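Think of it as A, B, C and D in the order they're written, each chain with its own count starting at 1.
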Amino acid sequence: MSAPQPAPAWHVSQWFNSEPLSLGSLRGKVVVVHAFQMLCPGCVQHGLPQAQRIARQFDPAQVAVIGLHTVFEHHTAMTPVALAAFLQEYGIRFPVGVDTPSEDEPLPQTMTAYGMRGTPTLILIDRDGLLRKHSFGVEPDMQVGADIAMLLGN
Amino acid sequence: MSAPQPAPAWHVSQWFNSEPLSLGSLRGKVVVVHAFQMLCPGCVQHGLPQAQRIARQFDPAQVAVIGLHTVFEHHTAMTPVALAAFLQEYGIRFPVGVDTPSEDEPLPQTMTAYGMRGTPTLILIDRDGLLRKHSFGVEPDMQVGADIAMLLGN
Amino acid sequence: MSAPQPAPAWHVSQWFNSEPLSLGSLRGKVVVVHAFQMLCPGCVQHGLPQAQRIARQFDPAQVAVIGLHTVFEHHTAMTPVALAAFLQEYGIRFPVGVDTPSEDEPLPQTMTAYGMRGTPTLILIDRDGLLRKHSFGVEPDMQVGADIAMLLGN
Amino acid sequence: MSAPQPAPAWHVSQWFNSEPLSLGSLRGKVVVVHAFQMLCPGCVQHGLPQAQRIARQFDPAQVAVIGLHTVFEHHTAMTPVALAAFLQEYGIRFPVGVDTPSEDEPLPQTMTAYGMRGTPTLILIDRDGLLRKHSFGVEPDMQVGADIAMLLGN
């Protein structure tokens, strides 16, 4: 088991529901990143509702829930203007950043920096900015709740 | 109780999953129209899955399931190119028509012709082209299954 | 395809939620029999809730929903006194008959007469007392709603 | 906020799925007690499945999940022989104790000792035998997972 590494910086071209955010500005909180695409059924049906439950469950002074729109397919469909409509219709109120597109490949920059395999992906970062969990797909609420609590208790 | 009226013609600017269709070409079948918007949560979570269950349940030689993309808000987000991506990601295989936008109002033309109040809306048309049910929101599967069977048995 | 046969008579030792009922007394109605055991998880989670939806969906003057407690295992646990508590706790309000135990085999008498394979089993009987459907397990609401409507339309 | 108190001893007349257990014998583990009645719909539909998820989620060397059958109504229906059938049919594999009936009141002895208000009730006891949570009804998995993790991290 290797030591946890610092979480890579985010490359975000636009923020919704928030002023621009950086990992550094969230130091001291546990940070939950839910990477999604607005036309990914698993994200819409499972990942985003779970992120909303996390945001409701934990004290926002202790746990920051951040959405990251990591578009790697259907780029012409999942534009920021479409995302804005999606967030409004689905009642997503936590901050959501648009992962900055790459110039020469379909995967956006933060997605590449984290080595994400697809969407939804859940990432947990501890109070010191260290990457503590990186999970492709959706895990049970009980597992996620326990993982976050473990980081809070550290 | 008034006599059933002929269902208004459809105004469709583009078809997916099908050659162009008209109500007249479906005469002899029971026609189920599911009017939806791709960013309407109730459509994505309840209406479209029900339409897919209808398509699986009934013999396609007897019952035609048709999606109608009736965009009346967020027009710049729910474009045909976005709809194409949506249909692919959600595995919608029945014919879907894009309701033709109006020039001077947000509601598209077929939506206006039918007097639809919003999305999702379920419309049932009998074998003779008569409008037999027009329901805003989602009804239980048992009701919808019974309604369609009643029209089949006529 | 063979012609439908008359549904066998019921052998019921005790009725809940009703005066004693017989198939003959229900002639003219479509009869839905839900055969269950109170400790059968598939019955509790799926079959009985579906029977309750049938009872809510259809006009009781047209469709009679009848529960049949066909105990073929754990006889000492699923006694009539236990069933009474179960029906109260789960809010089952339609008539429920206790299938009369056999003297020399675990299967009760009506279960044997119908050749049921287990619980839950759904049986549909038409207005003339003919057996029209006999299904082990749980079918989708849309199918069941359509089946009942077909019998109503006959 | 008062200091946590020692969890009261259990009064159990019969154990299923286990040799007799006591709180003392579980010292060093986090103990999760799910108090239920086999004919309580909220227990069957929500509480017991959650207890099973807890048992799957956490290392049994760290977290002990215990069912407690706290019968306070329908005593003649929810007997130990009926409970045995129920546990088998629902695939409950964690230890379940029968809360010892009282001589002069409907509530059984452990239920009274803990001041439980009904079923389902979830109780969390820390590694030192102190009562840390006592909750009537069903809480979200994310909350329960976090609560248990907090006790594990202490």
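Heads up, the rule we're going with is that a contact is a pair of C-beta atoms (placed from the backbone, for glycine too) under 8 Å apart; a residue touches a chain by one contact, two chains touch by 3 or more.
Bear in mind the structure is a predicted one, so any value in this text is a computation, not a measurement.
Student: Could you pull out the chain whose C-alpha mean position is farthest off from that of chain A?
Tutor: Greatest centre separation from chain A goes to chain C.
Student: Calculate how many whole Å lie between the centre of chain A and the centre of chain D, each centre taken as the average of the chain's C-alpha atoms.
Tutor: A distance of 36 Å separates the two centres.
Student: How far is the middle of chain A from the middle of chain C, if each middle is the mean of its Cα atoms, in Å?
Tutor: About 50 Å, centre to centre.
Student: Please list all residues of chain A that touch 2 or more other chains.
Tutor: none
Student: Indicate which of the five shapes (line, ring, star, complete, other) describes how the chains touch one another.
Tutor: ring
Student: On the basis of the stated criterion, which chains touch which? Give every pair.
Tutor: So the chains that touch one another pair up as A-B, A-D, B-C, C-D.
Student: Can you tell me which positions in chain B touch chain A when the two form their complex?
Tutor: Residue list for chain B touching chain A: 39-41, 44-45, 73-74, 76-79, 81-82, 84-86, 89-90.
Student: If we count contacts the way the header does, which residues on chain D are in touch with chain A in the complex?
Tutor: Listed in rising order, the residues are 53-54, 57-58, 140-150, 152-154.
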